């Protein structure tokens, strides 16, 4: 049985904020789901299965929330799955949903990723003392900062590169009504002089903590033909994992990331990512990860990623816009962020990204990563139906 | 490779292994518990982790008391070079479902599925209260036994069971477990002796409840010809489906399990007679509900392994039902077996898989629309 | 989409009732964790100021703290070996914020210290030095906390510079 092509016909997300105090967890996910269904002009009864994803349950204090959310997501009497692959989960969730359609198991799948981390405390959740280890990291930034330093040393990049990324993403966010941070007055100087949280990562180069949800409606040929707006077609998707810690691990450009990208490019027939992909929505929670991922994803040669940033290539009017949505640096509901990247890539090739639309976008990469830089999930979407 | 024959993409269980489930595993970390079981299934098939097409696991952070707990067990897999891998924060039966879907896409020909749970570090009764609606139910801390008792009482009130019949289920299961070296509780006192014990939560007594277990299970799935190469007698997954019901126990009829029935219909459970059934009913009363939903009378042996009443490693117990069903077929003891897994309070979510030997009736049903 | 106010307006019994918009629900769960065999051996050696690593029989890499399994081979690390207390800083950062509930004085320097003979860095604090002087390649040694010697990594207070010349990059380049 050959794989069926998968189309994204509905995208919905909530306005990401520090704390949504006007809705319960159910209200939050339903808001995104309803928007996605409305975008697809479908009703709850049209959904065959629901796949949800989110990061550790400690972030809300609810264990296995798919159980509590069954009614809110119209899943009663339907199959419901919950994926958890750490920070890459938003992406993995979309891929699991896509597989259900590709395998011909279901015709239309609703997939939602969310985090309502204000209900608990995300930094606490990320810094929970690990038994028998010294608690040292103080949040995810503490884990990644040493690797940023290693990148800076390896490449000799000037230390202003990170601030260029942060400034770009925050300005892009101004054109995205759903983004959390809308810092209209922010200047580059402010970014460069903001306090160091985990040296070398500054406060302004760090993602916020957000409540938010994102939903997609995935379907096959028949559903795509009926869709009111142009679909985004999945040209390739893959997941890769490597151990958290192992001898010889390259934390700066993990092998799992490279392998994952290679698999997606192979499926999509991409041989020159820099030229053949129009834009990328990649998971950059700390500014320096943009040049690092540009190399890991094959958009730049090893050691050269920062040059693309410095040259403005990744700006919205550049040759390879990165994170026109404002990215994770502007909104970070942890469990949803991966799916938001996938969703934004889909919006772009559908021509539905509004003010942050990149003209002529036909192929876009969505990328997510998680854990100790060990879990990767990515997809490539295009405006044309793939011919396989 | 692109054959449209359905038989080409049929998926089978070709290996199954589990730990010896015990109350405590203080001397072992999760990865030390998981690794031997992974080695067992890999050895059974002669595969190595990097030749497996897809890996999927099931586990729970809340059970482990650590965020991102599943990343630790990954060390036991040997994920190098990097592997295609995913994880569900659910019982391993749903990890198996995700792997089954992956194989059906044709993106992989083999999959490693594993799940584990150490109930010993925390109080599993209390931990499971965190599964409930955080605004209206969880603050009441209704523990898992109390909720099961609600369901049992509903059955008693409806005249569908009574305490002697529930005790008989416990006796039957644990005596069946004497033939299962992995089970934790093997053997049982007579029913009337059990019925003299005090209630845990009326109408349930200790014997009506599962043991608290630490344990691991692993399964290897393979598709088409690959399955035939890896096992002389593969256990084909003829159908697999899962459904969820409303969360609030108050809006459900706890004596019925419509989700189990829906899943069973979609999985083709009623298409032909069954030789046996492995049901994930941690509480005796739940077996009553499931038998009704599945139309299982006394002719079909239920839980010949002893079932969760004999060993209940939370997060693995459902996967073990599928494994035990497959093992019956591998050993030539059965041709068509139903396996069931559950999640959530009072059987809120249910998965049904129908496994057949190569001689069983053909035709794949998997909830396709 | 119907708003909460509209839904409430449709229920006469709730006329004039203020909706509940927030509940604070304390939850407490206690867990007793087991380090497992490999980590237990490592932890039990710490009160004697011994750093016991484990080697994978297949790839021969040395892990400290030992994890029970070699993560790339997926087999048990079986051979124990004692490591010297000296090592090299392979990367680090200066942390200026403390996570809630963490009893630690900020700023502090969090580093990966590649102990001599190991193939993965140990996560540790670097102290007894100006943080501006900490650098990749710096040679450091363990400083034990005599008041907290026990089966816990708290037995090691921090690592301090030894004053030796920097390590040859070739000695740590592959293990950064």
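Per-chain numbering from 1; labels A, B and C assigned in written order.
Heads up, the rule we're going with is that contacts are C-beta pairs under 8 Å (C-beta built on N, C-alpha and C of every residue); 3 or more make two chains touch, one makes a residue touch a chain.
Only a predicted model underlies this, so the values are computations on that prediction, with no experimental measurement involved.
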Outermost chain relative to chain A, judged by CA means, is B
Innermost chain, where centres are averages of C-alpha coordinates: A
Whole-Å gap separating chain A and chain C, where each centre is the average of the chain's CA atoms: 27
Using mean C-alpha positions as chain centres, tell me how far chain B is from chain C in Å, no decimals. 35
Between chain A and chain B, what's the gap in Å when you average each chain's C-alpha atoms? 32
Touching two or more other chains - residue numbers and ranges from chain A: 61, 126, 131, 243-244, 246
Where in chain C do residues touch two or more other chains at once? 25, 27, 33, 35, 39, 67, 70-72
Residues of chain B touching 2+ other chains? 62, 66, 74-75, 79-80, 127, 130, 134-135, 138
Please give the residue numbers of chain B that touch chain A in the complex, ascending. 2, 4, 6, 8-9, 55, 60-62, 66-68, 70-72, 74-75, 79-90, 94, 97-98, 101-102, 104-107, 127-128, 130-135, 138, 241-248, 258-259, 262, 343-345, 348-349, 366-369
Can you list the residues on chain C that touch chain A in the complex? 1, 4, 21-22, 25, 27, 33, 35, 39, 43, 59, 61-63, 65, 67, 70-72, 90-102, 104, 107-108, 110-112, 119-120, 123-125, 131, 136, 152-154, 174-176
Can you list the chain A residues touching chain C in their complex? 21-22, 31, 34, 61, 121, 123-124, 126-127, 131-139, 142, 145-150, 153, 195-201, 243-249, 251
State the interface residues of chain C toward chain B in the complex, per the touch definition above. 23, 25, 27, 29-40, 67-76
List of chain A residues in touch with chain B within their complex: 1-3, 24-25, 48, 56-58, 60-64, 66-71, 75-86, 92, 96, 99-100, 102-107, 119, 125-126, 128, 130-131, 238-244, 246, 254-256, 259-260, 263, 371-372, 374-375
